[in-house]
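Chain nomenclature is as follows: A, B, C and D, assigned in order of appearance, with residue numbering initiated at 1 for each chain independently.
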Amino acid sequence: MSTTFEICRDRFERLRAHKAFELTVITIIVVSALLIGAKTYEETNRFQQWLLVMDVAVTVFFLVEILIRMAAEKRLRDFFRKGWNIFDFLIVTASLIPLDDSEMVLLARLLRIFRVLRLVSMIPELRMLMAALVKSIPRMGYVALLMFIIFYIYAAIGSFLFAEVDEFLWANISTAMLTLFRVATFEDWTDVMYATQELYAWSWIYYLTFIFLTAFIFLNMMIGIVLDVMQKESAQMEIESGEGEAAELHGLRHDVRQLSAQLDRMEAALGDRQRGARVDRRVED
Amino acid sequence: MSTTFEICRDRFERLRAHKAFELTVITIIVVSALLIGAKTYEETNRFQQWLLVMDVAVTVFFLVEILIRMAAEKRLRDFFRKGWNIFDFLIVTASLIPLDDSEMVLLARLLRIFRVLRLVSMIPELRMLMAALVKSIPRMGYVALLMFIIFYIYAAIGSFLFAEVDEFLWANISTAMLTLFRVATFEDWTDVMYATQELYAWSWIYYLTFIFLTAFIFLNMMIGIVLDVMQKESAQMEIESGEGEAAELHGLRHDVRQLSAQLDRMEAALGDRQRGARVDRRVED
Amino acid sequence: MSTTFEICRDRFERLRAHKAFELTVITIIVVSALLIGAKTYEETNRFQQWLLVMDVAVTVFFLVEILIRMAAEKRLRDFFRKGWNIFDFLIVTASLIPLDDSEMVLLARLLRIFRVLRLVSMIPELRMLMAALVKSIPRMGYVALLMFIIFYIYAAIGSFLFAEVDEFLWANISTAMLTLFRVATFEDWTDVMYATQELYAWSWIYYLTFIFLTAFIFLNMMIGIVLDVMQKESAQMEIESGEGEAAELHGLRHDVRQLSAQLDRMEAALGDRQRGARVDRRVED
Amino acid sequence: MSTTFEICRDRFERLRAHKAFELTVITIIVVSALLIGAKTYEETNRFQQWLLVMDVAVTVFFLVEILIRMAAEKRLRDFFRKGWNIFDFLIVTASLIPLDDSEMVLLARLLRIFRVLRLVSMIPELRMLMAALVKSIPRMGYVALLMFIIFYIYAAIGSFLFAEVDEFLWANISTAMLTLFRVATFEDWTDVMYATQELYAWSWIYYLTFIFLTAFIFLNMMIGIVLDVMQKESAQMEIESGEGEAAELHGLRHDVRQLSAQLDRMEAALGDRQRGARVDRRVED
């Protein structure tokens, strides 16, 4: 029975990895998602009924596929050790919740949207993209902390000075931080500034220094990430392919060391010959 | 007759590739386009009449050029196999539609603007730029898909929670996605947020996480494209020119291998000599 | 006694550098900062009282740590020679100012926020980030000067031409520069343009050239910084690690020079042998 | 007398290149420029009178410097052959125009601002920055042309479809292009879209495709410039300094070729020796 499972699993894996099948499933998921969005599910024409059937088919396919993958593990616990397995399990489970359109329509529709996440776990390129995003989170932690400190100090000064100008924008530090985020996105920031400038004519210094600081740090953050991604990417590629300049240089150095070893042998042989020749000459003399 | 065609084709090609001719045609097309834009065609002064004549001359030139190129092919089908030929054919055909200024002026003007596209098929640098844009479309597909998923989920949550706040912005998922695109471009996004904050004070979390996610993914997309373009560009350039560090390294490795072969010969000769010498000594002894 | 100090200092340094301790202190500082921001200090529940105690503990810890570091120096003057020591001293001193919540609450709250800066001097990654920011300031000086010149000239023209249109925006050069900064951030810049276009229909040239110039220069500035950071970063990394292509190339060249020296010895020996052999032959003749 | 001129010119050149002098002149120019901007020239306190004297001194210094440089040339025509000389001459001449504050104050003030440009011709770093900007203009030409074509076509469609919606924004192609530039900078673009959506519900496709196209092309333009600047910059630096990997590789290849020549000599010598030895042996036989 184990072999039947393995054959089944292999077949499902192969079917899932097939480009044409993948493209069909992506199209079904995206189009049905768009149709929910366009609120056109009510008027059921032929095309939509056919799509509904396909949507159910996709749901069933993924249910069967995950059940086979779960059965393939020796213990069920092992299945839940991989992050992507848990992710797949949650999405498949969520897509199984019955959608009773008569009653709580909105909540049902909200649940149905999480079906779109099946795309992420299905397409390998999206899995890699997601993994790259998750990996870069710790790197961004310290920059985010520095940004928080700058926002916090400016927000404290802002709520201290400008609270009487506009209670809505500068009431306390938390609202002031939100207002500063608005300023950092350049969203009607001059309205905020002009209001405070009436009381404090020199408040433009506050806004300009804040904008320069945040833009400056964001720039450095971007560069840092670009650099890091570049180096890791290229290093990994050269290790995998054995090509590239680094690999070529390494091979070259190996060649030169072999040359050196050969010369050592020759020098030794020559010295040997010379000593022999010198002995000859002494004998001849 | 075939040779006459070939001479004609060569002459047209050479004329078309000539820098001075190219610059003249670009100037005529751009200036006549600008004049249509400025709605000043009505007052016909001398300069504009002269320009009109030149514009007709350019149209005729391109018509003759494409007819010769079509006649040069053995079968007409072969001509329509290349993408750029179809592109050229469509533009030349569109620029031949007579512009009757008395009646449907606006549509005539709309058709005339597609003449500007002649610039793209004419200037080699623009053709390359367009080809690069077309090439990078599949690479951007997966990032666009991930962006779509994020927009879709946020739009579903937004339309579920905020529909009662503002029917115009959050009525259904499709309008909510448009509203979120507006938020992603920072276009009066605080107005959207302040409205929803009156009912849901914590809705700023919704907007901030959305902005961070989209900006973050966009950043990664940019880096990915930059990296890819860089590597392909530099690899192709070094292959074409035979210069650069990669080519230099390759040459160096070749030199070192020749050295090694030379040393092998010398070592063999030396060993030969030494054996000969040893034979000598034994003979002498 | 000096050794007791040293042991104490070492212990504090080790405790401070410990990841778990660092994380705890960061959490305490950030959460207490957030609580000040949320204005929820008034309602003292158990969690907040516990946090207040922890906050005082952190303050005392840093006070003791800096006192030990000061006592460890032979002369107090030496302590204040390092920039980071002065930074630490100011922050610790500022966090010791008693916070009398009854009277000048706002100023007290303003002083308390500078405690967040303890994060910068505490976390090595943030110290490095700050050092990198300080280092890149002179590099940005000349670009800032060029930007100032462009802003100044456009502001002068703007205040000369548009002062009668809108006194608030174009009254003098300084307000015009602020208005131009607003235009550079795309903040309601069309409102500014549409107003001036009523008097000067061609004023869109003024705005478009300004936007292109500033965006263009900013782009070049960004590239310049990216390039500079990249080169310095990679150069320093290769020097520190002794790895990388530059180090590999250097080592390779050293190897080749050793080969050359070895060949010189061999050639000399061979010449010696040959001369010897020639002498032999002459003797034999 | 020619030598007196040369000594004078050398002294002025050296004084001008002196860092302390340069910094003083920059400070005087910038501060006096800021004072004009702040409209505080009227209230003449001591500091400003002193600054006015310094400003005149700087003007006289540059006048004398340029006169000496002009006199140093054999023919006056040669002086005006260099771009920077013409630039300097125009600025010095413009700064000599008398500023009669009583009458046409505004025009006088406008002329005075061009004195700030003296900074550009004075500071070598700014000259290089300006030269880099001028150099990159042709590279940007084709991208600008492509952008123009996209703007033009969208503007034509826009003015054809949306003219009846809002005469102010879409009256003709030129105003439509300005409106599209506003959309490209995300400046209240939703207001523009919402207005047209009332008549054409699907007009969001028009705006979204336009935003994606322009943002996409701008991205490619940025990457192209970054790549080009990087390659040219690094190539020039390595040529100038004789350092870097390219120079190291070049030197390495030279070393290896010398090794090869040395081996050729040795092989020839060895062959010579061997032939000699063989002759010996034959003779001995």
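One rule holds in what follows: contacts are C-beta pairs under 8 Å (C-beta built on N, C-alpha and C of every residue); 3 or more make two chains touch, one makes a residue touch a chain.
In this text the structure is predicted, and so the values were computed from the model without any measurement.
Engineer: Roughly how big is the turn, in degrees to the nearest 5, that lines up chain B with chain D by CA atoms?
Structural biologist: The C-alpha superposition of chain B onto chain D needs 90 degrees.
Engineer: Suppose you list every residue number at the chain A-chain B interface; are over half of them used by both chains (same) or under half (different)?
Structural biologist: Shared-number fraction below one half, so different.
Engineer: Centre-to-centre on C-alpha atoms, which chain is most distant from chain A?
Structural biologist: In terms of C-alpha centroids, the chain at the greatest distance from chain A is D.
Engineer: Roughly how far is chain A from chain C, centre to centre by C-alpha average, rounded to an integer in Å?
Structural biologist: 26
Engineer: Report the inter-centroid distance (CA atoms only) between chain A and chain D in whole Å.
Structural biologist: The answer is 37 Å.
Engineer: Hey, what residues on chain A touch two or more of the other chains?
Structural biologist: Residues 186, 188, 226, 245, 249, 252, 256, 259, 263, 266, 270, 273, 277, 280 of chain A touch two or more partner chains.
Engineer: Going by the touch definition at the top, which pairs of chains touch each other?
Structural biologist: A-B, A-C, B-D, C-D
Engineer: So in the complex, which bits of chain A are touching chain B?
Structural biologist: Of all residues in chain A, those touching chain B are 26, 30, 33-34, 36-39, 106-107, 109-110, 113-114, 116-117, 119-120, 123, 125-126, 129-130, 132-133, 136, 140, 178, 181-182, 185-188, 222, 225-226, 229-230, 233, 245, 248-249, 251-252, 255-256, 258-259, 262-263, 265-266, 269-270, 272-273, 276-277, 280, 283.
Engineer: List the residues on chain A that touch chain C in their complex, please.
Structural biologist: Going by the criterion above, the answer is residues 142-143, 145-146, 148-149, 152-153, 155-157, 160, 172-174, 177, 186, 188-190, 204, 208, 211, 216-217, 219-220, 223, 226-227, 245-246, 249-250, 252-253, 256-257, 259-260, 263-264, 266-267, 270-271, 273-274, 277-278, 280-281, 284.
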